[in-house]
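Both of the next two complexes hold subunit A, though its partner changes from subunit B to subunit C.
Let's turn to the complex of A and B:
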């Protein structure tokens, strides 16, 4: 996983596209672009960005500021970073003109703002510096007295000439290791929050499809495999095959045309708004049907081939010859051995269902993980891509583990001694 | 109503009576100069323009569901996309309102007055308007918002627009309901600029840089939920300042819900057809695909509107071979305009004349549409030193289907003249990264209500004579710039049109751009949405819409 996360970081990094322009629009000025990149920490070298993504950046900022930092969640659900002072009050700073103001959030919930110019530290060149936390969840190094002059407007005081301003930013996050994949650049929300809903939606869709398609495919596959070359085998194999070779976007659009536009039976797109997917089951019908048609043929054919092979084997003939009733031969002896191959495929397909449904999600406008990843990739939203990929990797590794455990039940020979 | 009527109004009235200008132009210019739209329309002898609905016919209640991206927003002055403004313009409002006919009305302003030299603008605020948190709307809010635009740290595109003629110390508060603007140069487009989409009026008491955290505006709705990438919910407020024609409270619709369905059009079209949504916000997505599949659908209403949006084929005049006007003219002659409009945009628009002034701009002076002439183009190429033809790369963003088709038609039609055009296609995002840099490319240009606005952006130099930052073709023409400056300060519509006749001729004869068509836009809704107005910028004004059950 560590390697995958590094690889994803490198790939996103080297891919073309300009994240600032993707997010702020094509018409930003070079100054706006530079300021955006700086505020997001994109002016730092690749390695340090990777480290802060993985292990967080608050500890770096704490060293610079010299006080512990604290992340709180406000009543409205916004995450905010503050500096914790010795007496337990929380502090944030902002610069108005050349004056530093501190916002104090007291433990009883009172907020007050006072001038705080004593914090400036003068260096040898006569330039004053201060490291603090801004109200935009960044550690910021402010500067005054440098040669850089700008005109700034301070409300209540009017326009004035100021020197310096913010010169360095560290966007604060806890890091992936501590369960904080950071803020999405595209949406400005914590990735973890959006990802949870999207993952849940995708799991619902994939789960329903899985529950429908797998037993169905296994049963039909066993029926087809019982007698190779029979009429039922031919019908099942050919139908299953034809659906699985049609790409899912075509199946999806045909289904929308037939079921929604012509027959007007079910909605042709998924619009949930505030509702969760299970509150509008009618909208799930078409996406699930599309996934079912695609998956069915594939698993069916594997099961059929495996079943047919088992049915030809010597021990099945022995069982028949020994006079066992055929249902017993099939269910006790044949099916168990025939299931090993399909289980591998099924487990691989859990993965496919989670990641590969991106096409189905896009066709039906389904707010799932696949679509989230696609949008994030289009915007080069590194934090969201990384977190999404990590979840995919976890699911892949997890399902393979489950598959390995299942084998041992089906075939005692591969049990560890 | 204004106390004193600007001297030019009398003249316009005479022009109107003698038939020199039409009613629409009269209303537009009269309102620009501070006569309220009602008065102007009365002078022009037509019924009041901003027809708000009446309670007798309208129904109250219901939820309007709209599909459209819900993007990250913080500071309204930094807006660079239209859709977020459509969500938030139901919450916060503008000082003025440019309607679908490019007539600008006072909105949060009661009216405005302008001095004869067009350099002092007095803005009179409407009294008794309340923000949705209870604060009263006063001159301090206007002052605060103006200063946010002018603040370099905010980085608003308003700074580039009004900063050109309004110095930072030129904004003066007279009293709680009056603000004066002291311009450094004459400008007639001030009311239009005040309706530019980042120009939302903010509450000076509560705004701290993030509108979502303190969504206090004067608009008809309050912001209930804003989840980026998912949805945006707006709830009706009871104490909105606008009333309908019967004097009963606006708005009619209880709730507006924006749902982010990604950027793929297919599911949105399907959802509109099955009535799961009522409206698709095309402002940042483009509506051609939906128009094509829904234009014959009996279940929806399609409202079309001609716009001043166009696709500009621009040639960089600082690079070979486009530094030679003969080569530029040759390429322009290779456009078979009717064919391009028919194939690239299904004939849904007006023909362009290689001039960045639309027939819908008030000061447009009719100019001949050049015909397709490959023989003459070949001759011009030969004269320019390319007797064996010329191979060029044309860069297009492949997300804009009409641009790709424009390029393909041109590629075919320019071949007989000796042009070998290689189409270099790339994702739109990549095109935007180098739109000012490519030597030959096709760029989309947004709708602007008056002709001077875009010419001042794209075809002039900065104070040092270097091409301005949006001058993608690097074309700076001395005569053109002088005339344009004159036009910027010319009130008389006839005189202005005369200047524009010259400007258009110069651009057609030696300019750096070709444009084959001006596009139409559409608003498509389900049948139950009533009183829909298609705005050329696809701005959404929900305050007087209603829903039939």
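Let's turn to the complex of A and C:
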């Protein structure tokens, strides 16, 4: 799990230069790019970026500032970081020329701004500096008199150049471990919140498909496996195989063409407002059907193989020979043993299922986690990609763990050393 | 002479196995069809893949355009054929440099190279080498495959070479696992013991003694893998991470054509979907049939 998080992080963060170009456009100057990278903390080495992404950066900043930090959420859903002073007021600073201004948010909601030049500290070389929290959610270090130019990008307003900007930045976040993977570079809002909604939508879609697929595939698999090599077996397994290997988007397109364009039965795309996904249940039909077809083939194949193997075994022959009616042989003796393998394999297959969900969501425009990940990937919103990927990996690893446990439980002959 | 005869025999043997299975033959026919049209692309179509007939955009099949045209009036059949070329026959490195071997095929070959080496070392050496390699590969494998493709291509950008790179990274852990399990089995055989006693070095043993004896399952596995790679290429193209336009990339064609389904011209998205589906199904039928026959043969 730890390794996975490192691998994901390394792949995603391998080219921050591209990130800046992608988000800010191809026409930024090198100075602008450098400023942006510095403000986002991308100029730091990979390891320290990884640590602050995984465990948060607020504790590092707290040590530098010497006061506890507090995160508040504004009415519009944006997050702001403030320093909490001894009397409970919240503080942020900014630098205008040579003077340090402090913005004080009092407990009763009043905001006032005053000059706060007493905070400057002199270091050995005689340069005045100060660690504080800026109004851009970073812990920053200001230096008095350093006429360093920085470029600031303001969403919706473009670039502005200021002098006397901070010399060091620590973008504040609580870290993935504590449920805060950072701010989305695309929307400026916290990733965790939008991720949660998307995850719920995806789980609804996957859950419905799962409930339909499981019994159907198991039953068809048992039918196919009963008589290996018969006509019904051939038809079922070849159709199943075809559905499971055809790319999801192709299946989706076929279904849209047949069901929606030619037969005009169900809507061919999903358009949801706030109350997704329950608003228009008929819009769920095609995505679920696509997922069902894809998964059906796979589960069917496994069940068939397992069933066929059981039917060849000696105790089934014995059961037949001692004169038991065949439905009893099949249901009491064969099916019970044949289902052990498929159930665990299905759990392992969740990995694939999630890949399928990504595509199905894109085909039908369903507002799920997969769509969110694709949008983030195209935009190079790396905080969102990392968080989304980690969530998916966690689900996959979790189900694999459950599958292992279930397997030892169902089949006591297996013991892991 | 005898060597020639031996080679001939082994080919004949292989063909016998192949033709014994109906499934494999059907698969082979489908795959060969695509290889054929891709090889002779300029001869099976009268149009270039980027040639525009701007008088007839988004038309259905007709005499002039057997499968219809896309939104810019480009002939769909010729785009399909040249798309097959990119998948199976040539790898476009830049606009002018083309390497033989399709994008999917080369991707799988590279993943075979990396995966087989890792698997052989892990399986033969055992111990800490095995531990480290397999832990790392397990970590890679627990990331859902499409997602892995997505983040790799999103991070390094979309081009044919990068897609080869992505296919190789994604495929290597699976190959390594397979090769490792085969190696664990083969390394207990007598001829490996004999080579060890002769004092051969490790590279000779793993590449000359073990690898040739593991080739059957590896070949079948790589057929399936080419199928997956085509699948993945299509998917990436569909997600907008395929070869940059105007290349005739099947997945991108579907994605573009999808916008015109509702306005009554489904052809541009239908045909590439059919093409990908048939090619992947063909490869799977071929591999399945071969595997079934091989297991019976043994």
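FYI, the second predicted complex is superposed on the first by the 374 of 417 C-alpha atoms of A that agree within 3 Å, B and C clash if a C-alpha of one lies under 4 Å from a C-alpha of the other, contacts with A are read in each partner's own complex, and residues count from 1 in each chain.
Everything below uses one rule, namely that a contact is a pair of C-beta atoms (placed from the backbone, for glycine too) under 8 Å apart; a residue touches a chain by one contact, two chains touch by 3 or more.
Treat the numbers as computed from the prediction; the structure is a model and nothing was measured.
Chemist: Please name the chain, subunit B or subunit C, that touches the greater number of residues in subunit A.
Modeler: Per-residue touch count on subunit A favours B.
Chemist: For A:72, is the partner it touches subunit B (first), subunit C (second), both, or none of the two (neither)?
Modeler: neither
Chemist: Should A:177 be classified as contacting the first partner (subunit B), the second (subunit C), both, or neither?
Modeler: A:177: touches no partner chain.
Chemist: Would you sort A:359 into first (subunit B), second (subunit C), both or neither based on which partner it touches?
Modeler: So A:359 only meets subunit C here.
Chemist: If we overlay the two complexes on their shared chain A, which of subunit B and subunit C does A:396 touch? Say first, second, both or neither.
Modeler: second
Chemist: Touching A:261, do we find subunit B (first), subunit C (second), both, or neither?
Modeler: It touches subunit B and subunit C both.
Chemist: By the touch definition at the top of the document, which applies to A:253: first (subunit B), second (subunit C), both, or neither?
Modeler: A:253: touches subunit B and subunit C.
Chemist: I'd like to know which partner A:111 touches here: subunit B for first, subunit C for second, both or neither.
Modeler: neither
Chemist: Using the touch definition from the top, say if A:197 reaches subunit B (first), subunit C (second), both or neither.
Modeler: It touches subunit B, and subunit C stays clear.
Chemist: Which parts of subunit A are in contact with subunit B and also with subunit C?
Modeler: 18, 253, 256, 261, 268, 362-363, 374, 378
Chemist: Touching residues of subunit A toward subunit B in the complex: what are they?
Modeler: 16-18, 21-29, 31-32, 35, 76, 78, 135-136, 150-153, 155, 159, 165, 184, 186-189, 194, 197, 253, 256, 260-261, 264, 267-274, 283, 362-367, 371-372, 374-375, 378
Chemist: Which positions of subunit B touch subunit A when the two form their complex?
Modeler: Its residues touching subunit A are 65, 67, 71-72, 74, 78, 80-81, 144, 147-148, 150-153, 155, 157, 160, 168-169, 204, 208-209, 213, 225, 227-231, 233, 257, 259-264, 266-271, 273-274, 276-277, 427, 429-430, 432-433, 435, 469-470.
Chemist: Contact residues on subunit A for subunit C in the complex?
Modeler: 3-4, 7-8, 11-12, 14-15, 18, 238, 241-242, 245-250, 253-254, 256-257, 261, 268, 351-352, 354-356, 358-359, 362-363, 373-374, 377-378, 380, 385, 389, 392-393, 396-397, 400
Chemist: Taking the touch rule as given, give the residues of subunit C at its contact with subunit A in the complex, in rising order.
Modeler: Against subunit A, subunit C makes touches at 23, 135-136, 139-140, 142-147, 150-152, 154-157, 227, 231, 234-235, 238-241, 251, 254, 258, 261-262, 266, 269-270, 273-274, 276-277, 280-281, 284-285, 288.
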